[in-house]
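Per-chain residue numbering starts at 1, and chain names A, B, C and D are given in the order in which the chains are listed.
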Amino acid sequence: MTIALGENRYGKSRVRLMKVNRAGARHEVTEWNVEVWLTGDFSRCFQDGDNSHILPTDTMKNTVYSLARSSSAKSVEDFGQELVSHFIETNPYADAAGVHIVATPWRGIEGFPAAFTHASDKLDTTAVTLSRAGVRSISSGFEKMWLLKTAKSAFAGYLKDRLTTLKETHDRLFGTLAAAEWRYAGTHPDYGALRQRVEGALVSAFAGHESLSVQQTLYAMAKRALVEVSEIADVRLQMPNKHCNLVDLSPFGQDNPNEIFVPTDEPHGSIEARVYRDDPQVD
Amino acid sequence: MTIALGENRYGKSRVRLMKVNRAGARHEVTEWNVEVWLTGDFSRCFQDGDNSHILPTDTMKNTVYSLARSSSAKSVEDFGQELVSHFIETNPYADAAGVHIVATPWRGIEGFPAAFTHASDKLDTTAVTLSRAGVRSISSGFEKMWLLKTAKSAFAGYLKDRLTTLKETHDRLFGTLAAAEWRYAGTHPDYGALRQRVEGALVSAFAGHESLSVQQTLYAMAKRALVEVSEIADVRLQMPNKHCNLVDLSPFGQDNPNEIFVPTDEPHGSIEARVYRDDPQVD
Amino acid sequence: MTIALGENRYGKSRVRLMKVNRAGARHEVTEWNVEVWLTGDFSRCFQDGDNSHILPTDTMKNTVYSLARSSSAKSVEDFGQELVSHFIETNPYADAAGVHIVATPWRGIEGFPAAFTHASDKLDTTAVTLSRAGVRSISSGFEKMWLLKTAKSAFAGYLKDRLTTLKETHDRLFGTLAAAEWRYAGTHPDYGALRQRVEGALVSAFAGHESLSVQQTLYAMAKRALVEVSEIADVRLQMPNKHCNLVDLSPFGQDNPNEIFVPTDEPHGSIEARVYRDDPQVD
Amino acid sequence: MTIALGENRYGKSRVRLMKVNRAGARHEVTEWNVEVWLTGDFSRCFQDGDNSHILPTDTMKNTVYSLARSSSAKSVEDFGQELVSHFIETNPYADAAGVHIVATPWRGIEGFPAAFTHASDKLDTTAVTLSRAGVRSISSGFEKMWLLKTAKSAFAGYLKDRLTTLKETHDRLFGTLAAAEWRYAGTHPDYGALRQRVEGALVSAFAGHESLSVQQTLYAMAKRALVEVSEIADVRLQMPNKHCNLVDLSPFGQDNPNEIFVPTDEPHGSIEARVYRDDPQVD
């Protein structure tokens, strides 16, 4: 019997960082939560306890802080690229390095150039990887974007089996806590501007869509982003269906003309898909 | 030996509600998470299992939904008052009824009158109680308001004992996840407008303060709200100190001129106080 | 108009500590999460920014670590007493000091004297306060104890109003995530042993009770603890009703003889009460 | 420009279920949290809003409850297989069906055959998939198993670069919140017994290991499970390093002989790997 080491990786998670830029009249703050990981041939460490090829995860943490100081990156995507380049350059035993960053959005309080509050409860993300052979991948995204439609949402004409009790509806609430990730064709000078354009396309497509299903709306959103932002190659969306159930008020002698709902967290529908630009030269 | 029943209460928690108003050109949504409780002489239930004076908590849940349908309340404070009045009027065994409501803030997506996203990650709250004798108390507040100052925050001149290692500072980051609760003198026609004025006073006092301590800033914020909003009688603030620790980059040959910090969740300072208007005729 | 400072306190929360005792053949680990707070006349700090009476919360954190090293306390209650005594003795400006400790329960892995896993998902707690005048209060308790009964639980004969739709039941599931806190008459040499006796009484009373309501079971549990453990003066219990709803399988042509339930987190009943020993000489 | 639908799936998450078996002298309870998903050619739904091939996720929820009633499955693995077989048999448009189940462990309270508390804070998991072509995969696992070693853990001899500040250690605390997943060669009659054997192997290997790194201990654990349990084909382990940092007490004139630590949640090391049986006939 032979026992073998399969896929493996190691790194540091939840390296938190707040960077203050006091250069302008208005201070700027960025808050990032960084995860770093490496892959490579670490079998001697796993199998024999030989740590000579292992960079401590504590050093990865130090690296995040040190590079944050020297970096002039304006976006999480740019900072992520600096980090993976550093690890590939300085660590001969890593075959690939990856970074995932979650950014907490702060905004300035009007009239007070050194005071801030959260801009929203959405979180911005990026994932960057670099292989020793130089293959780079960059994605951007977000987590926890709440979206709700109070019109233009139906669900009907679906498959029914003997266990189906759901009533067809042509006017339901459609709520979701969306997560998105999009990849780029090539690198770009201003990821922040691209992010705004992609999010704008996704949100306006959601808001205006005559929805026949969560699936159809998800596809329409991703398609809109791909049409409007030529720099991106694909979009992956996760849109859990945060059901709002109409309350039956008839036992109390009341009607309920689509007005009083119970929002629920569980169970919930889970719909996810990747939509891509099917051009030969991309992806 | 005698065993006796002391303070007790019972009720229903986490009754969630989404109400949609489709009357105007722009739909409106309110999302409330309601807690209801009753106190009274329920000793026969506790001691003998006699439930004849006990209104099921399931009925409390139904009541929230039914009153939400018939209510024209514009604020959580008004809806809370309707609920406690209902319970005192219909339940002869309750000595007092209380409601606590947490509102999730939704805002319309521009250009789409039936589409919404979260306005922020702050939550609005109210607590309303009514006794059978007619004593009513109403408070408003918020939870989870992130605030951060990158200037005008010092901490020095404090008490030092043999276990004190903290360095004095005249330029630290000051971050907090504030919660507030304010009480009113009397009832009022527009709690939403009062809420905006109180929050505006608290936030601008925080942002502009030359802070010598969290305590001093907390007091200045509460005082500002009391000065600017004569309708409120007191303010209670909880301001945990969400420390941002300056990273020591000297092992890497780098300086750190108040630029790179590690935000932390634990341990954290906890500062809380009530500040009130000391007038004979109020409270 | 006069603005005044009301109730206030400050301190340090989430000071985490792991202590390893390697003296015996079997190592011992204790993991504590400590909160410390002080009250006193801190009005000059709040109102004028004079910090000269303020011990930094960072020093409180240091104190927890330093005393943990020198302490020989065997229980959270004993360690809490050491902490509050220290703060009252060394800090002339504090009128009272308080400590709240949450202990994570570890147990040794059999056969391996230096390896551990969590003993359960229940957490043990204590709260200790000491005033400058020497008034001491000590309580013990727990959080997050899951309890479930699959028999001997009814709920019937309750108050019904026009909004009541709940069906009476004589055989429901009764699930709760209980929290408890009990106070002592005097101080005691072995709080760990008392804790075991109180918990044993509470759990066996829950398990064996012919329950007519959550209220009645709660009272029976507290009464049993007071009867069996003469050292305690009162017990406060919080027992949210974690409802398990019977699924209606009739649309699928199936019966459901009290077998398939949906456990839910919201909404949930909330029942809480304090039960005490009504002796003249206590409390 | 062509836009295309890539990988996609949909389903229902957080379908919670409590099943009570009252047949024996001791009642039995199982609590499962079920996720169901389907893949297939759902492009007409995504692209055209044609729902005719879409089984509502509400029906998936109903299916979980209905099959739970009729099932005699003794393990999450067996119930998962029933579910995926049902979806493939009844839904002609699904190419594959998958189930993920998380089980909350309850144990009977001694002496009371119808009363229960949580057995631990570890959660048991399974993942089962079935393709229309009949390819079946079954894995078992667990989440949130706390493990701690207070001896036999070193970390030294690692790679050092200019950003490395970590001190080598031959006696550190080693804490982790482990997750595991193992796959089987073939199907088996008693997954519960296999689960106990795999967990026993993993835990005893952790506890007894002379650890030179988290990586080495992870590998030793997985190898032990593969050696002791011939029915499994591979093991994947995730072992975040829940660091316990030694407190520097020297500013207070105290030593700290590996006794007082600060447990931390962030940042934390992340180590994960798959270890497999490299036999031609398996996997």
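Rule of thumb we're sticking to: a residue touches a chain if its C-beta (ideal position, glycine included) is under 8 Å from a C-beta of that chain, and two chains touch if they have at least 3 such contacts.
The model shown is predicted, which means the values in this text are computed figures rather than measured ones.
Common partners of chain A and chain B, by the touch rule above, are C, D. The set of chains touching chain A and also touching chain D is given as B, C. A centroid comparison over C-alpha atoms places B as the chain most distant from chain D.
Interface comparison, A-C versus C-D: the pair with the greater number of contacting C-beta pairs is C-D.
For this pair, chain A with chain C, the centres built from the Cα atoms lie 38 Å apart. The distance from the centre of chain B to the centre of chain C, each centre being the mean of the chain's C-alpha atoms, comes to 24 Å. Averaged Cα coordinates give chain C a centre that lies 30 Å from the centre of chain D. For chain A, the set of residues that touch two or more other chains comprises 16, 62, 66, 163, 165, 251-252, 265-266. Put simply, chain A touches chain C in their complex at residues 162-163, 165, 251-252, 265-266.
Those residues of chain D that touch chain C in the shared complex are 16-22, 27, 29, 31, 62, 65-66, 68-70, 106, 109, 111-112, 114-118, 120-122, 145-152, 173, 203-204, 206-208, 244, 247, 249, 251-252, 254, 256, 258-264.
The part of chain A that touches chain D in the complex is made up of residues 1-16, 35, 37, 42, 45-59, 61-63, 66, 90-91, 93, 155-161, 163-166, 211-216, 218-219, 222-223, 226-227, 234, 236, 240-241, 265-279.
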